[in-house]
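Before I ask anything, here is the structure I am working with.
Naming follows writing order (A, B, C and D), and every chain is counted from residue 1.
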Amino acid sequence: MMSEPQERAIETSQQRHARHQGMEASEVLDVVEKSFSGNPKAMQYFYDLFRDVYCNGVKTHSGKETIGTMCVQIPDEIIHAAGGIPVRMCNGFYTDEEIGGEFMPAKSCSLVKASLGMLKSETNPYSDGIKTIVNPTTCDQKKKAAGMMREMGYQVYDMELPPVKESEEGREYWRRSVRKFTQEVTRITGKKITKKGLKETIRKVGQAQIAYHRLNDLRKHTPVPILGKDIFMLTNAYFFDDLECWTQAAEALCGEIEQRVANGFNAAGRHSPRIIFTGSPPVFPNLKIPLMIELADGVIVADETCSSNRLLNDMVSVDEWFMYDMVDAVADRYLKSCTCPIFTMNDDRIRRLIDLYRSFHADGVIYQAFSGCSVYEMEQRSVAKAMEKEGIPMLYIETDYSPSGTGQLSTRIEAFMESLKARRRNKR
Amino acid sequence: MNIKARIDRLDWRRFRFWLQLAAFLLLVYGGRLAIDLGQSLPTFACGYNRGATAGVCYLLPLQHQLAQPWSRLFSPAGLEVLGGLGLFLLWFVVLNKAWCGFICPLGTIQDWITGLRKKLGIRYSSYTDEQFNQLRLIKYALLLLLIFIPLGIGGQFLSHDWGTPFCQICPARMVIPLFNGDFSQWVINFSSTGKMILTAIGMFITGLFFVGSFLKKRFFCFFCPMSAFHYIFSKFALFKLKKEGSKCTVCGDCYRVCDMQIKPIADNVTKKDILMDDCILCLKCVAACPEEGALRVDILGKPIFEATKDGFVKRMGMEKKQ
Amino acid sequence: MKRTSLFFVACLQASSSAYAVTQLWFTDQPADRRLLKDLHNSHGGLVSIENDVYVKQLWLQQGAGLHDSGLQQAQGGKFHLLDAGGNLMEPVLEPEGMRFKMPDEGFYNAYYTEQVLANQVLNIATAKAEVLKHNCRLGHNYDRALVNPHQWDAAPLDIIRLRLPEEDFHTRIQSGNTLKFRVLHLGKPASGATVKLETEKGWSKTTRTDEQGMARFQIIQDSFATDETAESGSGKPDADSVKQQRPPKSWGNKQAENQEHNADHGSQQREGRGGEHQRHNNDRFLVSATFSSPDVGELDGKPYRQVDYSVAMTGRYTVNIQAAKGTSEALMFSSAGFLTLGVSAALYRRRRIKPFKEISFDEH
Amino acid sequence: MNYFAGIDIGSTAIKIVVIDQDRQIIGNKVVGTGALVFKNAQNAFLALLGEIGLTRQHVSYLTTTGYGRKLFQDADETISEITANAIGAREVGKPFGTIRTIINIGGQDSKGISLDEQGNVTNFAMNDRCAAGTGRFLDMAARNLEIDVTDLGPFHFNAVSTPAAVNATCAVFAESEIIGLLGMGHGREEIVKGIHFSIAKRTIKLVKRVGIEELLYFDGGPALNQGLVAALEDELGRRLVIPPIPQVTTAFGAAIIGLESFQFEKQERQEIAPQVVAVSGGCQSCTCD
């Protein structure tokens, strides 16, 4: 006797999307957690956080005013001061990229496609719903995304970012944008920004930055005490985690890593080449290239990407703690030192890379560009030239979120690691 | 913790406040204790602060000496001008422009006025880039005038009424004696056309000085011919402001806190010796730099104060509250 | 020859006026104007500089007053010199006067004494000059003793200007100041001596010394104007003439400025500077003292029954600078500066709230 | 006597080389990859050992390379084909001088590798996912023209008139382009020659990214194709160094790396040895009697 087939509820689109996301996230989390021995214990907070958010459907900011941000240039301090919670919408899911691909050109960059794909899917892993999205006018694709997001029904605030950051006009333009945004964000959250409140959030974000810097400085040690994939996990968590929880967890990690340094612990292999990672940002779960590097016996000791280093590197300095001065100071932090390739000049980025290479005693640079991200693709040439001039080996990888073609990529990465090892051997 | 690390973590603002106060008391009241540092001080130790100043600003004897008859000025006896200059350089070479940032009484007064503004919760003003570039030339113009007018007197092209022209318009002459209860410089001198014009301008500038330094940090320093004079010799000074361009992220933190709005401190990543003409070497930039070793102060090539993350965090009040 | 004739004139004058006595004093103005170019103006008047040492040259002058005088050659009198420390030293004598080096900071005192016997009256005339040596290069940390006057006890008649309160090397005597003189006869106060102060302008006052040999003058509040002020002042220095005068409202002219460089020339014309305050205007004054004692004696075999002592020296005074200074005007100007910047900054801040500054084009 | 083996598991063929400690090739074998990659490789390896009279135990160090390198779990070391290729070329090219640039055309990818004076990889470039300009492209073309791959060389030299222009860079589009050319009446010889020039141009563009320096070395299966060699030389305007057995350079390089690693480890062991003795004296955890 065959039992009567039970009436089975078909997944809603949100459920389906959550399942897709969960599948993808847990696959990457498994690699991150299980393919490496000796993960720091304090990293468990972050592994669990990702699993909770992407696989178990835990909403970290339920019931709070979350404001989506589309790029690293949106001042967190100001959103926090207005009682909002900034959540970075840059997304790394292939699932979402495929959704985005349905309404965006095939040649557009994976990150923008995935970010819009997630917004389109109407699921939000972080909170009950995001109504407002702050979109800076960085690259063309993000600029045009604003219209699409409006179509999807989001309230989009266009934050004007100048394409030139060296000029005084650009600086003044951006300061004006941030001042206007400061006013606007209070309208969104309905809470006034006070002098004291802003000072406090500058301090809080500053503390997160201090924790990050502390951790980052530890990576200068040989042997390197922590793998780059863990740092990417940590900084990616900053996208959406509660600021203070994040800082606390990062400080706990610092403590553990400091102990490791004292013990001479080596998180990587004996001869692992030390890598500086740059270019398009690895955003969870698209940690494809970083993981490949570290699985190929490399170790990422530093990075220059907007999902990690650029997110937390530069700190706010205020001379007089007045609203005017603080807002301007915050504005400067997000413009002057930003090494995003959307600006006309890229000298700063090259200089940063060379400095990272030297101060982190690195062996080589790996430059990831998402195909379709024309600015990173274009800048590759000048960076490669500068690196060659400095005698810094660099591997340029053009890639996207698709899981295919890994064989080719891993061959290249491994060959690069082998050549770095040979280079180091010869130097000795 | 070694001394260097302690210095790097120093609360620079407070340290400087006390240092400035000490220097102020020494220069403005030191004469009463019979302290005499001579007449070649590279700072506004105003000679009109009679009986109380512990030394005399070099600009006063310089203008005097240059006003000698040419027959004497351009004779071997005129070499005495070089003597004064030599003494000036001896003072200057040690501290470089830190004379402005730490010792100059007029600068200290401006900082106090700024402090008052801060207490009142009024924001400061700044020049736009364009204004900055136009106004910065004024101090050179003043320097040229304070050299050529006395020379003109010595050459009998101008009357002695135009003697010590800069002192006549310098607000230090009016302001510093006030601290000794001496109001006698607050006069227009009608005894001659030149004196009258100069003292009138001087009084006008004194008025500007009070408003200006209230609204703008170190308002007068921007026009100070002493600053321009310093800059000519600053290359040879032992005290140096250095920048490690490769470590700079061009975040502009240093520029933000700069009282003198010196932009190259942030933007110039190639120049190692970053001391600019407007600089008062107050070292606020070094204190506000979050990049390890990007800015530093050297004496004789030895770093004595260096930008550190640690120090930055402490000075910005971002340390974890215990 | 000339001197004798002058002497007679003096005697004639003496008969008409009790005080019109011929006096001897020193001047640092060379008769030969060509010499001026080698002289420098120092704190102590004209000097020449030899090997970086100030050298002062003084010439003798004789006459009844500043306007009635002429250069004179020494007639067998004696020169004496006190250095900055008050010690006697040897000057270098020259036909017309004396010259001496001034290596040290302080006041040098030069004396010339001459004796003439006539009509059974022995005239002992002394010329005196008090010359300041000061160079700002050497600093200002000097001893009070350097500022205070020296005294030469061997002087037949000496007149000493006592110092003004808080006088230093930079102090100028200004019109309106009270000057104190002490007259000494062989180092002892000469009471009852006649002391006359005469300014180049013609204002003069005569007084007698008290028991301490002291005489006081308040120099007339002079504006160096050739108007009534100067003339009306030539009486007694009463309270009215000392009263502060408002500075005239017309200021200097070109001619005045050009004459400025020759200001040290006593006999120059001042007519061109009507009604002006000129800070650098300075005038000389001549202070002289005469003293008689009924001593009986003999000089070169000729008897005398009375000795007339005289001494004279010049000094400089300037316009009272304080009188030429306006505090209210000063406050007005500083307020103007205060307001200008204050208002413009306020306006600027207001205007900045508006978003953009438009670029304006020139259509021509 | 120690022996070292290198196995290059490529997309179309498995190449095996066994060397002795004097770096002399004792034996080599090339078999098709097939679907059962590991099994085929294992069998071929054992067969080769049998042919030269050795057993697995004689092989002191086994190095695998190629895209299937990770499948061969028996290996002592896996190495990327780029490094192996470079080391192999350095060794093989020694009689000709110092190899500075390698052109490698394999089954599914083509590479340009530049070496420094010591034979270390300084830079390399690979074709992206597309199969254009690879061995697979030649296979496809030969199939379309109904000739054997080994005949491509002779066909190239038999062309009498101007080679046909083959513009497509994509293998799929090229197929239809070839059919089109045939339809227009072009001779197969001219088409073959055209294909060779097309591949040559494409390859040179790739190699230019790493910089072309003297000497140029060309290997991989397609290096057997004299026509393609001629086309590359003509396009470059220079002579190429072609190894005697061009397919096995990479496997040979892998074997050399195995040899070097073996010697390095041995040397290291000797260096560390005295310290080990000193430590073992105080060993408490040792349970043996």
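Everything that follows uses one rule, which is that contacts are C-beta pairs under 8 Å (C-beta built on N, C-alpha and C of every residue); 3 or more make two chains touch, one makes a residue touch a chain.
Predicted model, so just to flag it, every value in this text is computed and none were measured.
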item: Third chains touching both chain D and chain B; value: A
item: Furthest chain, CA centroid comparison against chain C; value: D
item: A-D or A-B, whichever has more C-beta pairs in contact; value: A-B
item: Gap in Å, rounded to a whole number, between the CA centres of chain D and chain A; value: 39
item: Chain centre separation (chain A, chain B; CA means) in Å; value: 46
item: Approximate Å spacing (C-alpha centroids) for the pair chain C, chain D; value: 110
item: Gap in Å, rounded to a whole number, between the CA centres of chain C and chain A; value: 86
item: Shared-contact residues (touching 2 or more other chains) in chain C; value: none
item: Two or more partner chains touched - positions in chain A; value: none
item: Where chain B touches two or more other chains, by residue; value: none
item: Category of the chain touch graph - line, ring, star, complete, other; value: line
item: Chain pairs in mutual contact under the definition given at the outset; value: A-B, A-D, B-C
item: Parts of chain D lying in touch with chain A, wherever the complex brings them together; value: 67, 79-83, 109, 118, 120-124, 126, 128-129
item: Chain D-touching residues of chain A, taken from the complex the two chains share; value: 393, 398, 404-405, 407-408, 411-412, 414-415, 418-419, 422-423, 426
item: Touch list for chain B against partner chain C, complex; value: 34, 36, 38-39, 61, 64, 68-69, 71-72, 77, 80, 83-84, 125, 156, 159-161, 174, 183, 186-193, 195-196, 199-201, 203-212, 215
item: Residues of chain B defined as touching chain A within the complex; value: 118, 121, 123-124, 128-129, 245-254, 256-257, 263, 266-267, 269, 284, 288, 290, 309, 312-313, 316-318, 320
item: List of chain C residues in touch with chain B within their complex; value: 37, 40, 49, 52, 136-137, 139-141, 247, 251-252, 257-258, 260-261, 277-280, 319, 321, 324-327, 329-342, 345, 348-349
